[in-house]
Structure formats: structure tokens, C-alpha cells
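In what follows, a single structure is set out as C-alpha cells and then discussed.
Labels for the chains are A, B and C, by order of writing; each one numbers its residues from 1.
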Amino acid sequence: MLNERIIIAGFGGQGVMTIGQLLTYGGMYENMHVSWLPSYGPEMRGGTANCHVVLSGEPISSPIINSATSVIIMNNPSLGKFEGDVEVGGDLFINSSLVDLKPNRTDVEAIYVNANEVASNLGFEKAANMVMVGAYLGRHPIIDISTLEAVLVETMTGSKAAFVPLNIQAIHDGVKICQSQIANI
Amino acid sequence: MSIIYERTNGLTKTSTHYCPGCTHGLVHKLVGECLVELGVLGEAIGVAPVGCGVMAYNYFNCDMQQSAHGRAPAVATGIKRVLPDKVVFTYQGDGDLASIGTNEIIHAAHRGEKITTIFVNNAIYGMTGGQMAPTTLIGQRTTTSKSGRTVEHSGSPIRVSEMLATLDGARFIERVAVNNPVNVRRAKRAIKRAFETQLAGEGFAMVEVLSSCPTNWGMEPLDALKWLKENMIPYYPLGNLRNWGV
Amino acid sequence: MAKLLMKGNEAIAEAAIRGGCRYFFGYPITPQNELPEYMSVRLGEVGGVFLQAESEIGAINMVYGAAASGARAMTSSSSPGIALKQEGISYICAAQLPCVIVNISRGGPGLGGIQPAQSDYFQATRGGGNGDYRLIVYAPANLQEAVDITLEAFDISEKYRVPVFIAGDGMIGQMMEPVEIPEGFVSQSAEKDWTTTGTKGQRAPNIINTLYLDPLKLEEHNIKLDNVYKLIEANETRYEADSLEDCDVVCAAYGMTSRIARSSIKIAASSGVKVGMLRPVSLWPFPYGAFDKINPKAKGILCAEMSMGQMLDDVKIGSKGRWPIHFYGRSGGMVPTPDEIAEQLIKIAEGKSV
């Protein structure tokens, strides 16, 4: 049964919370049991942020993740802090544009995504977080991208609406990068 | 035959519990008369303090709430925000307002709450038996300053009116005394103006009433009034500190 | 009805508004800040008033004044802030004022931490304020339950003229889950002839008071309050129970810990241990009667909490010595894992000391 436990971590401003909320919304739209839990308090002011997302086929017991199926790493400090939380055989999605460190774990899969460069090539570097969403879905196609598009259309209103197509493109690009790597694994 | 004086309908027909010579009853009467003369008794909601005025809820002839010690301005804020068209007042002593309730009174004034506060300052805790208050004068003997208050130990007495008058939200602040008929008439004018401030929607209004406590001061009532004049008024000068539209 | 993905703090705020809340008085403290922030936007849209008070003490006394004036008023805070409100809560109970109080609790004592905890159980159920009083305390285990409880909270509070206290924790406040908040909730507003709204010269003054200097009068008042509390015990006790009658072991847990315990129960089942679940939804009135359903031959009861053992006292009272009582708790903001609780349950079933 579906039981994805995803930790997303990075600097504040990188859209870490947004990645988590988008996956959570998408899961809800596809009738999964979902939860999203952010870090809060001084940790947030210090510049690092993380959130825990659970997407499940049955009611969720704890929204806190003790053992993650996937961790999405957006900056160097987060790698050291969270690589230990991935279960054996789980996935580390690493934003290689900003993370030059390598994981110590050898019992997990590391997928490198130059998310900031991909997003910059689209002329919209802010969408680096969406590239990471795509990378995750490239490995775990549990939510249709069309569902995420529906989420973005609903949540990005007003002046933000114009950016929906770029975000969707960034997700597609992330999927491609991930799948090309998986093919090489 | 014409009536030249009668008991105000602003007070209930209840005997008060106040000590002989205490001026609380007189201040109650002035507040009651003002509510009647302004035609707002039926619209008034009062908040009683903890202290000698605690049973004011039995004496004012209007809806009343009794609050926790010092919290009357917060309670009055809750009332006024729900019922902005009603006339809301607090009646508080100096232990209640100037000690435990400083936070509540400062912020009610700072927010410009459209309430009226009657602050009765008799420089002592009356109800609990004559302990030192923040308003107790230097040298004044109380049950917790038996040799007289000293600056070194307890600081100098707090002048609440001057402090609140620094706040923009406080639109009417006046200190009065009820030690003689002339001052009583001035006190009533100030209390009425304080209610008019609320009715005009201007903001916070407070009248500080210098009052006597013969029992806890250990004096005859007339001696107490003399003591008020000779000791309190020099430290707590009478007069207006803020008056909107003037 | 569409499901919304909402943060717990915001879901509770919206549910309160749909349940009739129009006045909110609060003060910033983590991890409940989204609740007043949401109220500051939404209450204006529905003709209500949000006011940020000078302190938690100010806020609870504003609730006193507003509730006594007939309004549906609410405050929220987190543990140390709720501690500051205790004086006001005691006065509100004494004056029999309906209102809703929310605690999105964090670790303590003192300033403690900001991560979720359940260490305010005593504060909520045993009275942090003075005197013989009770609060109706509900502890939701998920956001939908938090919404459902909050919707009804004002109705229940007005029915008995006793505050409803919602005991969430940092996780309930901070997490997002899908919720459904019904649009057309119709509240059962109680008749209020006791409020201070001005006499208009047409009736005797209404007085909201908590002072009874005559001990006989105060005792009469206490008996009157106690009769209301007995009625609440009879009518408003809520709990959820699974497999109590034929289990090997019982897990007693509430709120967030009960969710975690559900996973633990599955883990134990895979080891052949059948665990029953007793989840109090109302912490007061506590479901003591539910213990009578427990298999007399059960090996024991495990009370699991995010505290050093507070509900444990009520579990002992409810069990009346019929089963061995065990405790597993994490505190200070630490959250137990499903495996940790499962390990304890299996040990109890195997007759090992925990």
C-alpha cells in the first residue's frame, strides 16, 4: 500500500514548504491520505527550513517522519542533517546546483538534479523547487502532473497565475533529468 | 414645593459598606448623577474592581460586571468592543489600577479604548487593611511601611495621570479631589466630561479622584480631608492634563 | 463538500467562526500564531472584532467582558500563555460565562520549548486557577475532529454556561491535513437573559459577579456549579474504543499520541498481540465508565502520552486496580514513534515488566 514519507529541507526562500504543500495538495486531489508538517520557531528564522509530507493509502498515524522513503535536499547543511533519515534503499534527491557535498550513505539512491540551472534556463530561477518536485515524480510517479497543474491553477491566483506554465515546464524538466539518471543506474 | 435635592436614580437604594467618612460613596454619587444627567444610565455598563470598590456592582443602578484585581480595563475593552454604542466605565482604586492593573490601564489608554475610568486614589490599600500602595506618600505609615514609606526602599509615589497623559489614545485626563464642596463640584464636571469623551467617540478618558481613607489613615474624617489637602494635593497637583477639543 | 488543505490553527479558527465566534482576543505565542493571524483577517469580513491584547491576562479578561455582554468570544494561546490565563478562567467559570479557549500546547515547565507536548493535562483538567470549577476539555486527534469539535464548541459552552477548552498540541496547530468545514452549520444559540447590555431603564440591573462573602451563599453557588458539572459528566463524555472486550492489552492515549498508537497496535498485531484502544476525546469529563468494557483478563493497560505521566492518574482511577497499569511517555517536545509504543505493548502482553 502507498506510504510515501518525504522530508524536504533547504534554506528559507527556496520554496521548501511549497514543494511539500504541492505534493500534499496533489495527494489530496488524488484521494490519498495526506499530511504536511513544517519545522517552526527559531529554526525558521535561522534560515533553514524543512517539512515532512506523508502520502498514504490509509489514515496517517504520525505526521512526523522517523524514517523517510525520500529526502529532497536543497542546500549543503540539509544533506548532513537529513541524509541519516532516509530508510535503507530510499532516495536522496540532491539539488546539485547548490549542494557540492556528497552523501556518506551508500545504502540509498542519490539522484542529482541541477535544479537552479534548469530553472535559470527557463528564465525563472525561482522554479528550482519545481524541478525538484519533477525529479521526485520521475522516480515516484504517484501523482499525475495534470493534478499538480490543477493545484497550481487553484493556488496561484492574481499576478502569480502567469507563472503556472513555467512551473509546470520546470516539473516536466525535473522528471526528464531524473529519468535519464535512473536509466543509467 | 420644589425639590432642591434628591437621591440620584443612578445609584440603587442600597446602603453602602463604606466606612464612616470615606469618600467612595460621594464619588459613586457623582458618577451616578452624571449618568442620569447625560441620559445614559440605561445604556451604561460598569466594571467594579477588587478593593474597597468591589461591591460597586450593588450600588450603581445599571448593568455591572465585577472583574479580577486590576483587570477592569481589559474587561471593559471586551464589553465596549461587543457593544460600541453603550457607555462603559470602570471604577478602580489605586491598588487595583496603579499596582496590579498598570498593564491593563496603560494599554486600554494606549489603544484609545472608548471607555471611562474613575480612578479613586486614597494612597493606601483600604479593603485589605491599610497596606502600602504605589501611591502611598513618602513618610506615610501603613501596615507594610510601619516607619513610613522611604524612597530608598520603595521608590517615589506613582503619578498615574501624568503617565497616562503621555499616550495619544488618552483624550481626557484630569485629577480632582473631593475634600471640599468646590472641589467636589469640579470633580463632577470632570467626570461628566470624561463620559462626554466616550459619547463623542474620542477615546480613553480618566478622572483621578484624590480621596480620603480615615479608617486606614487612622484619622477623624475631617482631619483626613485636611491631610489630603496638605499632603496629597502638593504631590498630586489638581488640574487637567489632557482635554480633547480644547 | 470540498476538502480543504488547511493548517490546524487556521482550520480551528475558521471552524470557530462558522460556529458563531465573532470576537477574538489573543496574544502572540508559538506555535498557535496562525490562529490569531487568521482571525485578524477573517473576523473583519464577518462583522466581528479581532483584538491583539496587551497580554494573555488582558485577552482572557476581554473574553470575560465580551462573553458577559452576550457575545461568542474566544481566545487561544500555548502552554505558558494558558498558564497566565488561569486567573481569568477561574473568574469566567465562577461567573458562568460561555466561551471557547484553545491551547496549542508545547513542552514545559517554564518557558519550556515550542515543540508539541501533552504536559498541560493537569492544567486543563485539574484547574490551574483557584476554586471548585471544571472546564469541558476536548482533545482532537486530527484536524477534522478539531474542526468538528470547534464548530459545536460555542453551542455546548452556552448550553451549560461552562467554557469549552480545546486541548490541541503543536502538531495539531502546525500540520496541514484535508478538512471539511460545513458551510451551513446552524448553531443552537442559548437564550441569554443574564447579559450586561444596558437596562434601558426597563429592567433591574444584570450583575456578573464572582464575589460571595457569605460562606453559605458561596457554598450554594458551588453546589449549583457542581450540579452543572454532574450534568456535563452524564451528557458530554466522549471517547473512542476499539476491541476492549477481547484484547490482550489496552493502549490508552489521546490526541496526537493516539494516532501514533494506532500504528503501534498494527505492529503489535503482526506479533500476534491483540491491543485494544481507549482514546478519551473529552479529557474532562473523563470516560471512566469505558474501563468497565475492558477484558477482565487483559494483561494490562499502557498509558502513552507526550508527558511524564498526567492522564496516567485518570487511567488509574478508571481502572480501579483491575489491571496492572504501565506508562510510556516522551516529553519536552519529543514525540514517541510507533515502534517505541509497540515494543511496550508487546512486552506487557508477554508478561514482562515494562
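A few comments on the model shown:
One rule holds in what follows: a residue touches a chain if its C-beta (ideal position, glycine included) is under 8 Å from a C-beta of that chain, and two chains touch if they have at least 3 such contacts.
These numbers were taken from a predicted model, which means no experiment stands behind them.
Every chain gets a centre from its CA atoms, and the centre nearest the mean of all protein CA atoms is that of C.
Of all chains, the one whose Cα centroid sits at the greatest distance from that of subunit C is B.
Chain centres here are Cα averages; for subunit A and subunit C they lie 35 Å apart.
The centroid of the Cα atoms in subunit B and the matching centroid in subunit C are 39 Å apart. Inter-chain centre distance (subunit A to subunit B, centres taken as mean C-alpha positions): 62 Å.
Residues of subunit A that touch subunit C in their complex: 21, 24-25, 28, 34-38, 40-42, 59-64, 66.
Residues of subunit C touching subunit B in their complex: 23, 25, 49, 51, 53-55, 57-59, 61-71, 73, 87-88, 91, 95, 196-202, 205-211. Within the complex formed with subunit C, the subunit B residues making contact are 12, 41-45, 47, 54-55, 57-58, 60-68, 71, 74-83, 86-87, 103-104, 106-107, 110.
On subunit C, the positions that touch subunit A within their shared complex are 3, 5, 30-31, 114, 170-171, 174-178, 256, 259-263, 335, 337-338.
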